[in-house]
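Chains here go by letter, A, B, C and D, matching the order in which they are written, and residues are numbered from 1 within each.
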Amino acid sequence: MTFGTSVEELQARLDASPFNAWLGLQITNIGTEFVSFRVPPRPEFMGTKRLGRMHGGVLTALIDAAAGYTLMARVGVSITSVDVRVDFHQGAEVETLLIEGAVVRLGRKLACVDVRILSAANVLIASGRGTFYIPTDKSTSPAS
Amino acid sequence: MTFGTSVEELQARLDASPFNAWLGLQITNIGTEFVSFRVPPRPEFMGTKRLGRMHGGVLTALIDAAAGYTLMARVGVSITSVDVRVDFHQGAEVETLLIEGAVVRLGRKLACVDVRILSAANVLIASGRGTFYIPTDKSTSPAS
Amino acid sequence: MTFGTSVEELQARLDASPFNAWLGLQITNIGTEFVSFRVPPRPEFMGTKRLGRMHGGVLTALIDAAAGYTLMARVGVSITSVDVRVDFHQGAEVETLLIEGAVVRLGRKLACVDVRILSAANVLIASGRGTFYIPTDKSTSPAS
Amino acid sequence: MTFGTSVEELQARLDASPFNAWLGLQITNIGTEFVSFRVPPRPEFMGTKRLGRMHGGVLTALIDAAAGYTLMARVGVSITSVDVRVDFHQGAEVETLLIEGAVVRLGRKLACVDVRILSAANVLIASGRGTFYIPTDKSTSPAS
């Protein structure tokens, strides 16, 4: 249940992805049970100016990305997203968000990862789950 | 089963949302059964430079947004996202995407909307479903 | 897009499963796009006696089972359920239900199947989607 | 975060439902964070005789039912299922199952409940989440 990847290595990998870099995900901790992230606000994250709240699509994108990196911290190889499901629990201001990812089940071919998004005040904003396929043949393995 | 909103009105509403404007969703048609969208590529949509493909989180964000506007074309009032689920069917290049939204069930309080994302070559890239709550008290209605 | 299995063969396979036999799923048609099922009512399908309606858990079980047999009609080998999602659209009497399954995407390793449950009067009661893993090594293939 | 319902009251309500009674769900504990259930095996729960394993549809039905009663232990009124999602983590023998339900988020109108199914040996078999609508007008309240 230990993670072989350092925060710096995983962050470098994340930053090399244009969309993840745009989302601004910062890995704050890789623990034995959780991977933690911090996401500073961007003006583009806003849904409607009238309400001034975070767009739901930003939350789904963050859950998809955080689920993937939580799993990569564990398995250390490229993975393929199968599906993702997100529940919106409460409207969020466009402010720093805290994210926690946890591997629910790591099988030989498939894995399931839970993600929770909390406001800066620690209120649960959204949560969800991603399912991933873990390819094992060499042709789909990462170059490294 | 007719939609009371014009493409121009719905597009104006969409463009007023910072995140939807950033995603670049263009409403191409509001039909009796489907609402269609077109999304030009952005460099930030890329997942990994090694594969050069669309990030899954962009697809989840597009499905969340397209589901909402498909429902708004029908009900014409503000709605609240309850949950969204996305299945990734095939990797997509960072190219123009075509999106179709269709209302599956419109209840008094809850609605369910299906969305499909197709590549420019008409290959199914991702599909999913959003569930929405339709508030009826005036305090949550839009100003317009 | 043709199905190699006859209704009789698939029904025999279904009936050999104690839970599917208890659910009473009857395959009525294997088409090129849809597999159709019919489910006669059972007194045990009732949720609460006060409302006299079909229990939601019966609908989820039917969607899981129908999704699997819809895929088996196409691929003809054993498959493994990865996940299933069900939306409840409307309360249903404990009466004959009609079910339609359709393969959304058949990949090399993973498949996605949509299922709709209709009342005898053709009203959409519930719909959902199952994701399946298609094992390819011989040890997990069926005996036949 | 206290639950106002006793195990006996909730079990009586559960037993009055034909399908829940058939599933054989036994409420073992109503705690401040979790509601626990025990489900003895039935021969009809089997998927295929060849594998001798629990049918996935039984697991989806148990998750739907357990999610509902976990929420009812908290809110004490009738609720309506909106959707349910289930992930299958590992094949299970047809043996006694242990189930834990936990309310993730209780809003004014909507609630979200997580459920885990464990084998007798405490292995995670399946997990999932149900979303519920909580009606507030009197016409939909229970008679009691």
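The rule is simple: a residue touches a chain if its C-beta (ideal position, glycine included) is under 8 Å from a C-beta of that chain, and two chains touch if they have at least 3 such contacts.
On a predicted model such as this, the values are computed, not experimentally measured, just so you know.
Enquirer: Check A-B against B-D and say which one is joined by more contacting C-beta pairs.
Expert: Taking the two pairs in turn, the one with more contacts turns out to be A-B.
Enquirer: Which chain's C-alpha centroid is most distant from that of chain C?
Expert: Ranked by distance of C-alpha centres from chain C, the top chain is A.
Enquirer: So, what's the distance in Å between the C-alpha centres of chain B and chain A?
Expert: Measuring from centre to centre gives 21 Å for this pair.
Enquirer: What is the distance in Å between the mean C-alpha positions of chain B and chain C?
Expert: Centre-to-centre distance between chain B and chain C: 28 Å.
Enquirer: I'd like to verify one number: the distance from the centre of chain B to the centre of chain D, where each centre is the average of its C-alpha atoms, in whole angstrom.
Expert: 33
Enquirer: Would you give the residues of chain C that are in contact with at least 2 other chains, written as numbers and ranges?
Expert: If we look for residues of chain C contacting two or more partner chains, we find 82-83, 85, 87, 131.
Enquirer: Spell out the residues on chain D that touch chain A in their complex, using ranges where they run on.
Expert: 85, 87, 89-90, 104-105, 107, 112, 124, 127, 129, 131
Enquirer: Which bits of chain B are touching chain D when the two form their complex?
Expert: 82-83, 85, 109-110, 131, 133
Enquirer: Under the definition above, what is the set of chain C residues touching chain D in their complex?
Expert: Chain C reaches chain D through residues 16-20, 22-23, 43-50, 55-58, 60-65, 68, 80-88, 142-143.
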